[in-house]
(Lines give C-alpha, C1' and ligand atoms only; values in the text may rest on other atoms or scores of the structure.)
Protein backbone atom coordinates (compact mmCIF):
# COMPACT_ATOMS: atom_id res chain seq x y z
CA UNK A 1 0.00 0.00 0.00
CA UNK A 2 1.21 3.48 -0.67
CA UNK A 3 2.60 5.65 2.09
CA UNK A 4 0.35 8.65 1.48
CA UNK A 5 -2.74 6.48 1.86
CA UNK A 6 -1.46 5.08 5.16
CA UNK A 7 -0.61 8.57 6.42
CA UNK A 8 -4.04 9.78 5.37
CA UNK A 9 -5.87 6.97 7.15
CA UNK A 10 -3.89 7.66 10.32
CA UNK A 11 -4.66 11.38 10.03
CA UNK A 12 -8.36 10.74 9.51
CA UNK A 13 -8.49 8.34 12.46
CA UNK A 14 -7.08 11.11 14.66
CA UNK A 15 -10.07 13.38 13.93
CA UNK A 16 -12.89 12.69 16.39
CA UNK A 17 -15.39 14.60 14.25
CA UNK A 18 -14.62 12.59 11.11
CA UNK A 19 -15.06 9.41 13.16
CA UNK A 20 -18.37 10.70 14.56
CA UNK A 21 -19.68 11.10 11.01
CA UNK A 22 -18.14 7.87 9.73
CA UNK A 23 -15.88 9.37 7.05
CA UNK A 24 -13.69 6.80 5.28
CA UNK A 25 -10.66 7.41 3.10
CA UNK A 26 -10.88 5.39 -0.12
CA UNK A 27 -7.67 6.50 -1.80
CA UNK A 28 -4.95 9.12 -1.50
CA UNK A 29 -2.14 9.75 -3.93
CA UNK A 30 -0.11 12.71 -5.14
CA UNK A 31 -2.74 15.31 -6.12
CA UNK A 32 -5.83 13.12 -5.72
CA UNK A 33 -8.04 11.97 -2.86
CA UNK A 34 -11.29 10.05 -2.51
CA UNK A 35 -13.52 9.82 0.57
CA UNK A 36 -16.66 7.80 1.29
CA UNK A 37 -19.39 8.44 3.84
CA UNK A 38 -22.38 6.14 4.48
CA UNK A 39 -25.50 8.32 4.82
CA UNK A 40 -26.93 7.31 8.17
CA UNK A 41 -30.03 9.03 9.57
CA UNK A 42 -28.09 11.09 12.08
CA UNK A 43 -26.40 12.92 9.19
CA UNK A 44 -29.62 14.29 7.74
CA UNK A 45 -31.66 17.49 7.94
CA UNK A 46 -35.43 17.88 8.14
CA UNK A 47 -36.12 16.85 4.52
CA UNK A 48 -34.22 13.57 4.79
CA UNK A 49 -31.25 14.80 2.74
CA UNK A 50 -27.72 14.90 4.10
CA UNK A 51 -27.29 18.14 6.05
CA UNK A 52 -25.27 20.78 4.22
CA UNK A 53 -22.78 20.63 7.07
CA UNK A 54 -22.11 16.96 6.28
CA UNK A 55 -21.46 17.73 2.63
CA UNK A 56 -19.32 20.68 3.69
CA UNK A 57 -17.32 18.54 6.11
CA UNK A 58 -16.61 16.01 3.39
CA UNK A 59 -15.54 18.81 1.03
CA UNK A 60 -13.33 20.36 3.71
CA UNK A 61 -11.65 16.99 4.33
CA UNK A 62 -11.31 16.41 0.61
CA UNK A 63 -9.61 19.76 0.04
CA UNK A 64 -7.32 19.48 3.07
CA UNK A 65 -6.18 15.89 2.57
CA UNK A 66 -5.42 16.28 -1.10
CA UNK A 67 -3.46 19.47 -0.34
CA UNK A 68 -1.51 17.46 2.22
CA UNK A 69 -0.21 15.22 -0.56
CA UNK A 70 1.72 18.18 -1.99
CA UNK A 71 2.26 20.39 1.10
CA UNK A 72 2.94 17.81 3.81
CA UNK A 73 0.57 16.65 6.49
CA UNK A 74 0.46 19.83 8.61
CA UNK A 75 -2.13 21.91 6.80
CA UNK A 76 -5.19 23.98 7.63
CA UNK A 77 -8.13 25.06 5.51
CA UNK A 78 -7.84 28.81 4.86
CA UNK A 79 -11.04 29.21 2.91
CA UNK A 80 -13.36 27.51 0.49
CA UNK A 81 -16.44 28.13 -1.53
CA UNK A 82 -19.09 25.50 -2.12
CA UNK A 83 -22.04 25.33 -4.50
CA UNK A 84 -24.82 22.86 -3.72
CA UNK A 85 -26.30 21.71 -7.01
CA UNK A 86 -28.56 18.79 -6.07
CA UNK A 87 -30.09 17.38 -2.87
CA UNK A 88 -27.81 14.84 -1.19
CA UNK A 89 -30.07 11.79 -1.31
CA UNK A 90 -28.85 8.21 -1.30
CA UNK A 91 -26.99 5.52 0.58
CA UNK A 92 -23.67 7.30 0.70
CA UNK A 93 -21.57 10.25 -0.37
CA UNK A 94 -18.33 10.18 -2.33
CA UNK A 95 -15.89 13.11 -2.39
CA UNK A 96 -13.19 13.35 -5.04
CA UNK A 97 -10.63 16.09 -4.79
CA UNK A 98 -7.63 17.27 -6.75
CA UNK A 99 -4.92 19.93 -6.60
CA UNK A 100 -5.40 22.75 -9.09
CA UNK A 101 -2.24 24.70 -8.26
CA UNK A 102 0.27 24.71 -5.44
CA UNK A 103 3.17 26.76 -4.14
CA UNK A 104 5.44 26.13 -1.14
CA UNK A 105 2.99 27.64 1.29
CA UNK A 106 -0.45 26.79 -0.02
CA UNK A 107 -2.51 24.87 -2.54
CA UNK A 108 -5.70 25.70 -4.39
CA UNK A 109 -7.81 22.57 -4.67
CA UNK A 110 -11.17 21.41 -5.98
CA UNK A 111 -13.53 18.83 -4.50
CA UNK A 112 -16.68 17.32 -6.01
CA UNK A 113 -19.18 15.55 -3.76
CA UNK A 114 -21.48 12.91 -5.22
CA UNK A 115 -24.48 11.09 -3.77
CA UNK A 116 -24.71 7.38 -4.53
CA UNK A 117 -28.29 6.11 -4.85
CA UNK A 118 -29.03 2.62 -6.14
CA UNK A 119 -25.44 2.47 -7.33
CA UNK A 120 -25.76 5.65 -9.43
CA UNK A 121 -23.64 8.71 -8.70
CA UNK A 122 -24.99 12.24 -9.04
CA UNK A 123 -23.17 15.48 -8.33
CA UNK A 124 -24.30 17.11 -5.08
CA UNK A 125 -21.81 19.90 -4.54
CA UNK A 126 -18.56 21.35 -5.79
CA UNK A 127 -16.04 23.22 -3.69
CA UNK A 128 -12.93 25.26 -4.47
CA UNK A 129 -10.58 26.48 -1.78
CA UNK A 130 -7.18 27.31 -0.39
CA UNK A 131 -5.27 25.07 2.01
CA UNK A 132 -2.25 26.50 3.83
CA UNK A 133 0.84 24.80 5.22
CA UNK A 134 1.17 25.47 8.95
CA UNK B 1 -41.71 34.58 22.95
CA UNK B 2 -41.55 35.58 19.36
CA UNK B 3 -42.97 33.34 16.68
CA UNK B 4 -39.84 33.24 14.50
CA UNK B 5 -37.78 31.98 17.43
CA UNK B 6 -40.31 29.22 18.14
CA UNK B 7 -40.41 28.24 14.46
CA UNK B 8 -36.64 28.21 14.39
CA UNK B 9 -36.31 26.00 17.44
CA UNK B 10 -38.80 23.55 15.96
CA UNK B 11 -36.92 23.56 12.66
CA UNK B 12 -33.58 22.96 14.35
CA UNK B 13 -35.02 20.13 16.45
CA UNK B 14 -36.13 18.42 13.23
CA UNK B 15 -32.52 18.21 11.97
CA UNK B 16 -30.85 15.03 13.25
CA UNK B 17 -27.40 16.32 12.31
CA UNK B 18 -27.79 19.58 14.25
CA UNK B 19 -28.90 17.50 17.24
CA UNK B 20 -25.92 15.17 16.85
CA UNK B 21 -23.60 18.17 17.14
CA UNK B 22 -25.58 19.88 19.88
CA UNK B 23 -26.43 23.10 18.00
CA UNK B 24 -28.70 25.45 19.98
CA UNK B 25 -30.65 28.45 18.70
CA UNK B 26 -30.13 31.47 20.96
CA UNK B 27 -32.24 34.02 19.12
CA UNK B 28 -34.03 34.51 15.81
CA UNK B 29 -35.71 37.66 14.60
CA UNK B 30 -36.33 39.39 11.28
CA UNK B 31 -32.89 39.52 9.64
CA UNK B 32 -30.84 38.24 12.58
CA UNK B 33 -29.99 34.86 14.08
CA UNK B 34 -27.69 33.58 16.80
CA UNK B 35 -26.59 29.98 17.42
CA UNK B 36 -24.55 28.38 20.18
CA UNK B 37 -22.59 25.13 20.15
CA UNK B 38 -20.74 23.66 23.14
CA UNK B 39 -17.36 22.37 21.92
CA UNK B 40 -17.30 18.77 23.03
CA UNK B 41 -14.36 16.50 22.17
CA UNK B 42 -16.25 14.66 19.45
CA UNK B 43 -16.41 17.90 17.44
CA UNK B 44 -12.66 18.31 17.17
CA UNK B 45 -9.90 17.49 14.68
CA UNK B 46 -6.41 16.18 15.37
CA UNK B 47 -5.05 19.45 16.84
CA UNK B 48 -7.83 19.79 19.42
CA UNK B 49 -9.60 22.61 17.53
CA UNK B 50 -13.17 22.36 16.34
CA UNK B 51 -13.16 20.59 12.98
CA UNK B 52 -13.69 22.92 10.01
CA UNK B 53 -16.82 20.93 9.22
CA UNK B 54 -18.28 21.91 12.59
CA UNK B 55 -17.61 25.58 11.96
CA UNK B 56 -19.00 25.18 8.45
CA UNK B 57 -22.14 23.48 9.74
CA UNK B 58 -22.76 26.32 12.16
CA UNK B 59 -22.23 28.86 9.37
CA UNK B 60 -24.55 26.94 7.04
CA UNK B 61 -27.26 26.88 9.73
CA UNK B 62 -26.69 30.54 10.49
CA UNK B 63 -27.08 31.54 6.85
CA UNK B 64 -30.12 29.34 6.22
CA UNK B 65 -32.07 30.19 9.35
CA UNK B 66 -31.60 33.92 9.06
CA UNK B 67 -32.65 33.74 5.40
CA UNK B 68 -35.76 31.89 6.56
CA UNK B 69 -36.82 34.96 8.54
CA UNK B 70 -37.29 36.87 5.27
CA UNK B 71 -38.01 34.05 2.77
CA UNK B 72 -40.16 31.70 4.83
CA UNK B 73 -39.11 28.43 6.40
CA UNK B 74 -38.67 26.36 3.23
CA UNK B 75 -35.19 27.28 2.13
CA UNK B 76 -32.02 25.57 0.96
CA UNK B 77 -28.42 26.72 0.92
CA UNK B 78 -27.38 27.38 -2.68
CA UNK B 79 -23.79 28.31 -2.01
CA UNK B 80 -21.50 29.93 0.46
CA UNK B 81 -17.92 30.95 0.93
CA UNK B 82 -16.13 30.75 4.25
CA UNK B 83 -12.81 32.15 5.43
CA UNK B 84 -11.22 30.60 8.52
CA UNK B 85 -9.28 33.32 10.30
CA UNK B 86 -8.35 31.79 13.67
CA UNK B 87 -8.28 28.29 15.20
CA UNK B 88 -11.60 27.37 16.84
CA UNK B 89 -10.41 26.84 20.40
CA UNK B 90 -12.59 27.24 23.48
CA UNK B 91 -15.60 26.01 25.37
CA UNK B 92 -18.16 26.87 22.72
CA UNK B 93 -18.87 28.49 19.38
CA UNK B 94 -21.29 31.33 18.68
CA UNK B 95 -22.62 32.07 15.18
CA UNK B 96 -24.26 35.40 14.40
CA UNK B 97 -25.85 35.91 11.02
CA UNK B 98 -27.68 38.66 9.20
CA UNK B 99 -29.40 39.27 5.87
CA UNK B 100 -27.43 41.48 3.50
CA UNK B 101 -29.96 41.61 0.67
CA UNK B 102 -33.05 39.65 -0.28
CA UNK B 103 -35.47 39.25 -3.16
CA UNK B 104 -38.58 37.06 -3.45
CA UNK B 105 -36.58 34.01 -4.37
CA UNK B 106 -33.33 34.26 -2.48
CA UNK B 107 -31.30 36.07 0.15
CA UNK B 108 -27.62 36.87 0.40
CA UNK B 109 -26.54 36.55 4.02
CA UNK B 110 -23.45 36.82 6.19
CA UNK B 111 -22.48 34.73 9.21
CA UNK B 112 -19.64 35.27 11.67
CA UNK B 113 -18.52 32.39 13.90
CA UNK B 114 -16.78 33.12 17.20
CA UNK B 115 -14.99 30.85 19.69
CA UNK B 116 -15.67 31.55 23.35
CA UNK B 117 -12.70 30.80 25.60
CA UNK B 118 -12.68 31.84 29.26
CA UNK B 119 -15.65 34.04 28.47
CA UNK B 120 -13.81 35.93 25.68
CA UNK B 121 -15.06 35.84 22.10
CA UNK B 122 -12.68 35.72 19.14
CA UNK B 123 -13.60 35.57 15.47
CA UNK B 124 -13.01 32.12 13.98
CA UNK B 125 -14.61 32.31 10.56
CA UNK B 126 -16.78 34.45 8.35
CA UNK B 127 -19.13 33.18 5.67
CA UNK B 128 -21.14 34.82 2.90
CA UNK B 129 -23.68 32.94 0.84
CA UNK B 130 -26.93 32.60 -1.02
CA UNK B 131 -30.02 30.89 0.38
CA UNK B 132 -32.88 30.03 -1.99
CA UNK B 133 -36.59 29.65 -1.36
CA UNK B 134 -37.74 26.18 -2.37
CA UNK C 1 -20.35 28.41 -38.37
CA UNK C 2 -22.37 27.37 -35.44
CA UNK C 3 -25.29 29.46 -34.23
CA UNK C 4 -24.18 29.71 -30.58
CA UNK C 5 -20.84 31.14 -31.66
CA UNK C 6 -22.57 33.76 -33.83
CA UNK C 7 -24.95 34.66 -30.99
CA UNK C 8 -22.03 34.91 -28.62
CA UNK C 9 -20.02 37.20 -30.87
CA UNK C 10 -23.05 39.47 -31.29
CA UNK C 11 -23.58 39.50 -27.53
CA UNK C 12 -19.97 40.33 -26.83
CA UNK C 13 -19.97 43.11 -29.43
CA UNK C 14 -22.93 44.69 -27.60
CA UNK C 15 -20.88 45.09 -24.40
CA UNK C 16 -18.98 48.39 -24.45
CA UNK C 17 -16.76 47.28 -21.54
CA UNK C 18 -15.69 44.05 -23.25
CA UNK C 19 -14.83 46.13 -26.34
CA UNK C 20 -12.86 48.62 -24.24
CA UNK C 21 -10.69 45.76 -22.97
CA UNK C 22 -10.47 44.00 -26.32
CA UNK C 23 -12.09 40.70 -25.30
CA UNK C 24 -12.51 38.25 -28.20
CA UNK C 25 -14.65 35.12 -28.34
CA UNK C 26 -12.68 32.17 -29.72
CA UNK C 27 -15.32 29.47 -29.52
CA UNK C 28 -18.73 28.81 -28.02
CA UNK C 29 -20.62 25.54 -28.03
CA UNK C 30 -23.04 23.70 -25.76
CA UNK C 31 -21.34 23.75 -22.33
CA UNK C 32 -18.01 25.21 -23.41
CA UNK C 33 -16.60 28.67 -24.14
CA UNK C 34 -13.20 30.14 -24.90
CA UNK C 35 -12.18 33.81 -24.80
CA UNK C 36 -8.96 35.57 -25.75
CA UNK C 37 -7.64 38.94 -24.58
CA UNK C 38 -4.42 40.57 -25.83
CA UNK C 39 -2.59 42.04 -22.81
CA UNK C 40 -2.08 45.66 -23.75
CA UNK C 41 -0.44 48.09 -21.30
CA UNK C 42 -3.71 49.76 -20.35
CA UNK C 43 -4.88 46.48 -18.80
CA UNK C 44 -2.05 46.29 -16.26
CA UNK C 45 -1.47 47.22 -12.64
CA UNK C 46 1.61 48.76 -11.06
CA UNK C 47 3.78 45.61 -11.30
CA UNK C 48 3.20 45.14 -15.03
CA UNK C 49 0.83 42.19 -14.57
CA UNK C 50 -2.74 42.19 -15.84
CA UNK C 51 -4.91 43.90 -13.22
CA UNK C 52 -7.02 41.48 -11.17
CA UNK C 53 -10.09 43.27 -12.51
CA UNK C 54 -9.10 42.26 -16.05
CA UNK C 55 -8.73 38.61 -15.06
CA UNK C 56 -12.01 38.87 -13.15
CA UNK C 57 -13.79 40.40 -16.13
CA UNK C 58 -12.61 37.59 -18.36
CA UNK C 59 -13.76 35.03 -15.79
CA UNK C 60 -17.13 36.76 -15.43
CA UNK C 61 -17.62 36.72 -19.21
CA UNK C 62 -16.48 33.11 -19.37
CA UNK C 63 -18.96 32.00 -16.72
CA UNK C 64 -21.87 34.01 -18.16
CA UNK C 65 -21.43 33.11 -21.82
CA UNK C 66 -21.01 29.40 -21.20
CA UNK C 67 -24.10 29.44 -18.98
CA UNK C 68 -25.94 31.14 -21.82
CA UNK C 69 -25.37 28.06 -23.98
CA UNK C 70 -27.64 26.06 -21.67
CA UNK C 71 -29.92 28.77 -20.19
CA UNK C 72 -30.48 31.02 -23.20
CA UNK C 73 -28.89 34.38 -23.85
CA UNK C 74 -30.62 36.41 -21.14
CA UNK C 75 -28.49 35.67 -18.10
CA UNK C 76 -26.83 37.55 -15.27
CA UNK C 77 -23.95 36.63 -12.99
CA UNK C 78 -25.32 35.95 -9.49
CA UNK C 79 -22.03 35.26 -7.79
CA UNK C 80 -18.61 33.82 -8.30
CA UNK C 81 -15.45 33.03 -6.43
CA UNK C 82 -12.02 33.41 -7.94
CA UNK C 83 -8.58 32.22 -6.81
CA UNK C 84 -5.54 33.93 -8.31
CA UNK C 85 -2.74 31.36 -8.47
CA UNK C 86 -0.04 33.02 -10.58
CA UNK C 87 0.74 36.55 -11.81
CA UNK C 88 -0.90 37.30 -15.16
CA UNK C 89 2.19 37.97 -17.24
CA UNK C 90 2.40 37.49 -20.99
CA UNK C 91 1.13 38.57 -24.38
CA UNK C 92 -2.45 37.53 -23.82
CA UNK C 93 -4.99 35.79 -21.61
CA UNK C 94 -7.15 32.80 -22.49
CA UNK C 95 -10.31 31.91 -20.54
CA UNK C 96 -11.86 28.47 -20.87
CA UNK C 97 -15.16 27.82 -19.17
CA UNK C 98 -17.56 24.92 -18.81
CA UNK C 99 -20.93 24.13 -17.23
CA UNK C 100 -20.70 21.99 -14.10
CA UNK C 101 -24.42 21.66 -13.43
CA UNK C 102 -27.55 23.41 -14.63
CA UNK C 103 -31.25 23.61 -13.85
CA UNK C 104 -33.99 25.60 -15.59
CA UNK C 105 -33.19 28.76 -13.69
CA UNK C 106 -29.46 28.74 -13.18
CA UNK C 107 -26.14 27.11 -13.96
CA UNK C 108 -23.04 26.53 -11.87
CA UNK C 109 -19.99 26.98 -14.07
CA UNK C 110 -16.21 26.95 -13.87
CA UNK C 111 -13.71 29.15 -15.69
CA UNK C 112 -9.92 28.84 -15.87
CA UNK C 113 -7.86 31.82 -17.00
CA UNK C 114 -4.41 31.26 -18.52
CA UNK C 115 -1.61 33.66 -19.41
CA UNK C 116 0.16 33.01 -22.70
CA UNK C 117 3.84 33.96 -22.66
CA UNK C 118 6.17 33.00 -25.52
CA UNK C 119 3.48 30.61 -26.67
CA UNK C 120 3.31 28.78 -23.32
CA UNK C 121 0.13 28.75 -21.26
CA UNK C 122 0.17 28.95 -17.47
CA UNK C 123 -2.81 28.97 -15.14
CA UNK C 124 -3.48 32.42 -13.67
CA UNK C 125 -6.84 32.06 -11.97
CA UNK C 126 -9.77 29.74 -11.52
CA UNK C 127 -13.35 30.82 -10.88
CA UNK C 128 -16.53 29.00 -9.89
CA UNK C 129 -19.91 30.68 -9.87
CA UNK C 130 -23.63 30.79 -10.41
CA UNK C 131 -25.30 32.34 -13.46
CA UNK C 132 -29.05 32.98 -13.36
CA UNK C 133 -31.59 33.15 -16.15
CA UNK C 134 -33.35 36.53 -16.13
CA UNK D 1 -3.71 64.97 4.62
CA UNK D 2 -3.02 61.55 5.99
CA UNK D 3 -0.11 59.53 4.73
CA UNK D 4 -2.10 56.37 3.89
CA UNK D 5 -4.42 58.38 1.65
CA UNK D 6 -1.45 59.92 -0.19
CA UNK D 7 0.20 56.50 -0.60
CA UNK D 8 -3.10 55.09 -1.85
CA UNK D 9 -3.58 57.81 -4.44
CA UNK D 10 -0.05 57.30 -5.69
CA UNK D 11 -0.62 53.54 -5.86
CA UNK D 12 -3.87 53.94 -7.75
CA UNK D 13 -2.30 56.39 -10.20
CA UNK D 14 0.34 53.75 -11.00
CA UNK D 15 -2.32 51.28 -12.22
CA UNK D 16 -3.07 51.88 -15.91
CA UNK D 17 -6.24 49.77 -15.71
CA UNK D 18 -7.69 51.74 -12.81
CA UNK D 19 -6.97 54.93 -14.78
CA UNK D 20 -8.63 53.48 -17.89
CA UNK D 21 -11.82 52.94 -15.89
CA UNK D 22 -11.60 56.23 -14.00
CA UNK D 23 -11.38 54.81 -10.47
CA UNK D 24 -10.89 57.48 -7.79
CA UNK D 25 -9.82 57.00 -4.18
CA UNK D 26 -12.10 58.94 -1.82
CA UNK D 27 -10.55 58.01 1.51
CA UNK D 28 -8.06 55.55 2.99
CA UNK D 29 -7.31 55.05 6.65
CA UNK D 30 -6.29 52.18 8.93
CA UNK D 31 -8.82 49.42 8.14
CA UNK D 32 -11.12 51.43 5.87
CA UNK D 33 -11.15 52.50 2.22
CA UNK D 34 -13.61 54.21 -0.10
CA UNK D 35 -13.49 54.37 -3.91
CA UNK D 36 -15.62 56.21 -6.44
CA UNK D 37 -16.17 55.45 -10.12
CA UNK D 38 -18.25 57.59 -12.50
CA UNK D 39 -20.35 55.22 -14.66
CA UNK D 40 -19.48 56.22 -18.20
CA UNK D 41 -20.96 54.35 -21.18
CA UNK D 42 -17.75 52.46 -21.92
CA UNK D 43 -18.09 50.65 -18.56
CA UNK D 44 -21.46 49.08 -19.39
CA UNK D 45 -22.73 45.78 -20.72
CA UNK D 46 -25.54 45.14 -23.18
CA UNK D 47 -28.39 46.07 -20.79
CA UNK D 48 -26.94 49.46 -19.88
CA UNK D 49 -25.78 48.37 -16.43
CA UNK D 50 -22.17 48.51 -15.31
CA UNK D 51 -20.43 45.34 -16.51
CA UNK D 52 -19.82 42.80 -13.77
CA UNK D 53 -16.12 43.16 -14.48
CA UNK D 54 -16.30 46.83 -13.54
CA UNK D 55 -17.98 46.04 -10.25
CA UNK D 56 -15.46 43.24 -9.69
CA UNK D 57 -12.54 45.56 -10.42
CA UNK D 58 -13.80 48.06 -7.88
CA UNK D 59 -14.25 45.29 -5.31
CA UNK D 60 -10.77 43.93 -6.03
CA UNK D 61 -9.26 47.40 -5.56
CA UNK D 62 -11.32 47.93 -2.42
CA UNK D 63 -10.13 44.67 -0.87
CA UNK D 64 -6.49 45.15 -1.85
CA UNK D 65 -6.12 48.79 -0.82
CA UNK D 66 -7.77 48.37 2.55
CA UNK D 67 -5.57 45.33 3.22
CA UNK D 68 -2.58 47.49 2.36
CA UNK D 69 -3.39 49.75 5.30
CA UNK D 70 -2.59 46.88 7.68
CA UNK D 71 -0.13 44.77 5.62
CA UNK D 72 1.93 47.45 3.86
CA UNK D 73 1.64 48.52 0.25
CA UNK D 74 3.05 45.39 -1.40
CA UNK D 75 0.03 43.12 -1.54
CA UNK D 76 -1.74 40.88 -4.03
CA UNK D 77 -5.29 39.58 -4.15
CA UNK D 78 -5.24 35.84 -3.38
CA UNK D 79 -8.93 35.19 -3.79
CA UNK D 80 -12.34 36.71 -3.36
CA UNK D 81 -15.99 35.87 -3.65
CA UNK D 82 -18.57 38.33 -4.87
CA UNK D 83 -22.38 38.28 -4.82
CA UNK D 84 -24.21 40.59 -7.20
CA UNK D 85 -27.48 41.58 -5.55
CA UNK D 86 -28.85 44.39 -7.73
CA UNK D 87 -28.17 45.76 -11.23
CA UNK D 88 -25.48 48.46 -11.21
CA UNK D 89 -27.52 51.37 -12.57
CA UNK D 90 -26.76 55.01 -11.88
CA UNK D 91 -24.32 57.86 -12.30
CA UNK D 92 -21.53 56.28 -10.30
CA UNK D 93 -20.36 53.43 -8.11
CA UNK D 94 -19.03 53.67 -4.57
CA UNK D 95 -16.97 50.88 -2.95
CA UNK D 96 -16.47 50.76 0.80
CA UNK D 97 -14.14 48.18 2.25
CA UNK D 98 -12.92 47.15 5.66
CA UNK D 99 -10.53 44.65 7.25
CA UNK D 100 -12.27 41.75 8.98
CA UNK D 101 -9.16 40.01 10.31
CA UNK D 102 -5.45 40.21 9.64
CA UNK D 103 -2.24 38.36 10.44
CA UNK D 104 1.34 39.20 9.46
CA UNK D 105 1.00 37.59 6.08
CA UNK D 106 -2.55 38.20 4.97
CA UNK D 107 -5.84 39.95 5.65
CA UNK D 108 -9.44 38.88 5.14
CA UNK D 109 -11.46 41.88 4.01
CA UNK D 110 -14.97 42.81 2.95
CA UNK D 111 -16.08 45.28 0.27
CA UNK D 112 -19.57 46.56 -0.49
CA UNK D 113 -20.25 48.22 -3.84
CA UNK D 114 -23.11 50.69 -4.18
CA UNK D 115 -24.68 52.37 -7.21
CA UNK D 116 -25.55 56.03 -6.83
CA UNK D 117 -28.65 57.08 -8.80
CA UNK D 118 -30.22 60.49 -8.33
CA UNK D 119 -28.15 60.83 -5.18
CA UNK D 120 -29.51 57.61 -3.65
CA UNK D 121 -27.20 54.68 -2.86
CA UNK D 122 -28.27 51.07 -3.35
CA UNK D 123 -26.21 47.97 -2.71
CA UNK D 124 -25.00 46.33 -5.93
CA UNK D 125 -22.54 43.71 -4.76
CA UNK D 126 -20.67 42.45 -1.74
CA UNK D 127 -17.28 40.76 -1.80
CA UNK D 128 -15.21 38.89 0.77
CA UNK D 129 -11.63 37.86 0.12
CA UNK D 130 -8.04 37.27 1.13
CA UNK D 131 -5.20 39.68 0.37
CA UNK D 132 -1.62 38.47 0.82
CA UNK D 133 1.55 40.37 1.60
CA UNK D 134 4.15 39.79 -1.11
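By letter and in written order, the chains are A, B, C and D; residue numbering begins at 1 in each of them.
Definition applied: a residue touches a chain if its C-beta (ideal position, glycine included) is under 8 Å from a C-beta of that chain, and two chains touch if they have at least 3 such contacts.
Note that the structure is predicted; figures quoted are calculated from it, not measured.
Trainee: Among the chains here, which has the CA centroid at the largest distance from chain B's centroid?
Mentor: The chain lying farthest from chain B is C.
Trainee: Check the residue numbers that chain A and chain B use where they touch, and answer same if over half are used by both copies, otherwise different.
Mentor: same
Trainee: State the pair with the higher C-beta contact count; candidates are A-D and A-C.
Mentor: Looking at contacts between chains, A-C has the larger number.
Trainee: Can you work out the whole-Å distance between the CA centroids of chain A and chain B?
Mentor: 21
Trainee: Rounded to a whole Å, what is the gap between the Cα centroids of chain A and chain D?
Mentor: A distance of 34 Å separates the two centres.
Trainee: Just curious, how far off is chain C from chain A if you go by their C-alpha centres, in Å?
Mentor: Taking the mean C-alpha position of each chain, the two centres sit 28 Å apart.
Trainee: Give me the residues of chain B that touch two or more other chains.
Mentor: Residues 78-79, 81, 83, 108, 130.
Trainee: How about chain B: which of its residues touch chain A in the complex?
Mentor: 11, 14-21, 41-46, 50-54, 56-58, 60-61, 64, 76-84, 87
Trainee: Spell out the part of chain C that touches chain A in their complex, as residue ranges.
Mentor: On the chain C side, the touching residues are 81, 83, 85-86, 100-101, 108, 110, 123, 126, 128, 130.
Trainee: List the residues on chain A that touch chain D in their complex, please.
Mentor: 78-79, 81, 108, 130
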